[in-house]
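In the two complexes that follow, chain A is the common piece, with chain B as its partner first and chain C second.
Coming up: the complex of A and B.
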């Protein structure tokens, strides 16, 4: 039967060309959109994990209350022995300390007086830990110069570097407040410039070694946050939530400076956004199925008007209505599968291209503080491809079912009469 | 009796009118007490944070309302840090970096050493009578002292606080309490002045508690340990050269 159906579809192109075209276009759009949405969310999770949330994060209760302000004065001090204990308790997690702080960068003239000034956002990491350096892709982000190799060396965002008309190896002064609120001054040498491709950081970010930040902020042996990354580097909400519960049950208390663990989805509304993205992906598929089904239903009805004579003749020859209906569905399935395969093949090509080259959204993210990469790379996950293909055959079969009902509401006599005309 | 009253009443009313002090006169008297040609003071600033209480000591010199110089003497981390104000400019000097840093723009609104005072507060040495238009409100008792209550509205846009409500001790003509408001009408800070002492013929509060109403905490206490008015202060104290000395 299938062989006969396919022969009919190939020989009578008017029966298959238009539906295949629609399914191809639809599947192509769905596969692309699914891969884009998925890539966008992966980018958001990846960037947040690298720069802002970790897969899990340990902060103090007081810090957690005002976490959006990054209040380092409510961070940990003298917490090195606690940190070692946490590392022993959760050996599968890779831990790293961070300090985020704000300061004023002052550029001196030849006499040491203020020449230029700018507000900076400081990110202090353990520059002697290759894992911590790799976490934020520091080597890749380096535009000029080198990663700090000595105390009091910093990296500065390329944008700020140009704005303040700085030179490599020039000295700048940071003016800020210590953890205790005292005035803090420190001279730094600019060892290089960076561009992370995240406008929130590239506007006025500096990267410094955590020991320098501890000295500057009077946070001996402390950190504002301890980041934790899951073993394979991929965020797993179930695993992160399990670790979080275990940690908080063991260490969290009423004390305002007691440690508290947060999972990635507890921060920056990422939990909501990830759930929303899943919903959006499902919605795209449902909308696609509905639109394509309506279009194919319509096409099927038009097509069947042309085939009234054929149906009339077949009924006159004794073929049952049910068999004809089944025939139509098999035809639709064949069209759906062929259209989906072509659409998926074209989609794979597009996805592969944008998976490698990405789509530059830099112009749209200039004024946003969201942690999204300027270039979004499409996800090449097979799951997304399957998710994009499934609606193709479903829509064609659904369209044929609807069209078929329309045809068979006409009685046999009327269809047979069509044979005479 | 009616005849006596008809003669006495206008006289009493007239006397009352000529004795009543105006809001402008109160402000002028407050300025007389609070401002001097030159001032040298030694003070402590006590800042309470969620983690600890810190005390910073300083010695300050001021000439008129335009120039002021402060050097921090303790604790060790702040020792040698200097601040110089000349008119609308403010410079900071830090010995560990040997840098003179100008503070301007948004930075002026930042807290000084974690206190409830901003750099702008440090800069604002003004004569109230010149800067504000005063309206008398109903008298109040504050800290067991009878006080005039004045509502002050800024004459110009460039003041840090566009409105102030001040309670002035009726007897000593010293403000005991102030509320400082933003242009939007939001209360930003309060000041509670106490330990009013007579020094060389003028009344002066030796303790001030500043409270940033937008921050939690108990506020910042400024205690003046020593103060001298109208003394000779060499001009070089008010030049940028003093910062690196």
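Coming up: the complex of A and C.
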């Protein structure tokens, strides 16, 4: 009977082609959207971890309270022995110190007078630690010049470099204030320019070695934040939270300069955003199921009306209503499975393309401070793919169930009578 | 004495309407023995199709009693009446009602699929049924490639393929010309005589009536006449 039903389904294009087309389109959109959302969220997590949050980070209590202002004056000083102890306590984590600071950059002319000035956002990392350099993909971000190889060399964002009409190897002066509030001046040589693909950083960022920043800000042996990265480089909220709890139980206290560990999801509303993204993915699937089910319900109703003759005939021949209904659902399932497989195959093709080439959102993120890459690379894991595929058969079966109720409610004699009209 | 195939006593059928109901059948008594080749005749609205539906267990009476093939129709649940139809009752319709997406062979095979018969048995039965109606050469054709007469032959083959005890035919020649009607009737009469299958027709068509061994006339849901033809 299955062969008989499927044969009829394939031959009757209005029963197969149109519904398969709907499901294919729906699954394609769902799989693509799911992969896009995943890619977007992964990009956000990756960028935040690299530049702002780490997978975990250690800051002082006072710094944590005003963390959005990056108040380096509330950071750690002379904390190297503590840092060594934390590294020993959590050897699976890769640790690296950072200092974020703001300053005014002065560009002198040939006679030493100010030619240009601009605000800069400084990110100081351990440039002699290859891991720290790799964390922010510095080599890949280099547009021209080279990574600093000597003290007092800095990298500057390509955008700022052009705006201030700078030259490579030219000297600039940073004006800022020390940890203790005193005015601070320091000359630096521009060794190269960078573009991270994150507008928040590319607008006016500089990258210095942490020792230079310590000197400039009078933060000997200190750091404003200590970043930690999980072993495989992928954020795992469960693992990060476990480490955070362990660290805070051991080291955190009421003291305003006591160390406190934060997980990635504790910062920048990322916890909320990740949960929201999960919810949004679920909603996409539910909305897809509803829309497709309604469309197929309608198509199923029209089809059922067209097929009353066939149903009446089959009932007259002795087929039970329940069995007839079951075969309707089998047809729907077949349509759902075929449509989903085609939709998923097309979706995977599209995802593969955009996984390699990405989608450039640079034009839309120019004025945002969000840590998102300009080019979002789609990402589809098996779980998301299954989540994208499941709604297809569910929607077709649901549509057929709703449409088929009409047959159940109609009595056999009436269906039989409709056979003759 | 042998029990009749269909036994009807004081049968009535009332359809509910706004004005108190329409009595389609009333005080009907009828015995139909096995092997009958008979017609229910009468003007439109006389209750022919209603009676055929009740005999075919597609509908049930509102009064009286009817036994079909030893089963009281009003006591059968949906599963039992479906099983009775699947195994023992065949239907032939005015407009053939062949399924357009299946070919002749597949249309005839359908009732056997419902009986879950195995493939070899099905093939043998389908070929036999197609031979009876003389349409084996068209078995790969789709219904839209058949003439009216051929379509009705396929419909007869489909009704006969499961070797039913009873065949109910509602206006089977209404869409056919005289030549095709005669051919169809010859075929059904031959099957009746060869297999002993009972045929009950509902018809207006005089050509059909002329072929019948017995003619029951219904008027306003009541039996007006019951003619057993000479020699039958």
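Following the convention adopted for this analysis, the second predicted complex is superposed on the first by the 420 of 421 C-alpha atoms of A that agree within 3 Å, B and C clash if a C-alpha of one lies under 4 Å from a C-alpha of the other, contacts with A are read in each partner's own complex, and residues count from 1 in each chain.
To be clear about the criterion, a contact is a pair of C-beta atoms (placed from the backbone, for glycine too) under 8 Å apart; a residue touches a chain by one contact, two chains touch by 3 or more.
Since the model is a prediction, treat every value here as computed from it, not as a measurement.
Asker: Could you classify chain B and chain C on chain A, in the superposed arrangement, as clash or fit?
Answerer: Aligned on chain A, chain C fits beside chain B.
Asker: Just chain B (first), just chain C (second), both, or neither: which does A:113 touch?
Answerer: first
Asker: Taking the superposition as given, does A:310 touch the first partner, chain B, the second, chain C, both, or neither?
Answerer: In the superposed model, A:310 contacts chain C only, not chain B.
Asker: Have a look at where A:11 lands relative to chain B and chain C in the superposition and call it first, second, both or neither.
Answerer: After superposing on A, A:11 lies in contact with chain C but is clear of chain B.
Asker: Is A:170 touching anything from chain B or chain C once the two structures are fitted on A? First, second, both or neither.
Answerer: Neither partner.
Asker: Thinking of the overlay built on chain A, is A:218 touched by chain B (first), by chain C (second), by both, or by neither?
Answerer: After superposing on A, A:218 lies in contact with chain B but is clear of chain C.
Asker: Looking at A:179 after the superposition, I want to know if it touches chain B, chain C, both of them or none. Which is it: first, second, both, neither?
Answerer: first
Asker: Once the shared chain is lined up, is A:241 touching chain B (first), chain C (second), both, or neither of them?
Answerer: A:241 contacts neither chain B nor chain C.
Asker: To be precise, I mean the smallest distance between any C-alpha of chain B and any C-alpha of chain C in the superposed model; what is it in Å?
Answerer: Taking the overlay as described at the top, chain B lies 81 Å from chain C at its nearest C-alpha.
Asker: Show me the chain A residues, by the header's touch rule, that chain B contacts in one structure and chain C contacts in the other.
Answerer: Residues common to the chain A contacts of chain C and of chain B do not exist here, since the sets are disjoint.
Asker: Please give the residue numbers of chain B that touch chain A in the complex, ascending.
Answerer: Against chain A, chain B makes touches at 47, 49-52, 54, 56, 77-78, 81, 92, 94, 96-102, 104, 106-107, 111-115, 240.
Asker: Quick one: which bits of chain A touch chain B in the complex? Just the residue numbers, please.
Answerer: Residues in contact with chain B: 62, 73-74, 104, 106, 108, 112-114, 117, 119, 173, 175, 177-183, 185-187, 218, 256.
Asker: Under the definition above, what is the set of chain A residues touching chain C in their complex?
Answerer: By the definition above, chain A touches chain C via 1, 4, 7-8, 11-12, 309-310, 312-321, 412-413, 416, 419-420.
Asker: Given the complex with chain A, which residues does chain C contribute to the contact?
Answerer: Answer in residue numbers: 53, 56, 58-59, 78-79, 82-87, 89, 91, 93-95, 97, 99, 101-102, 106, 109-111, 113-116, 170.
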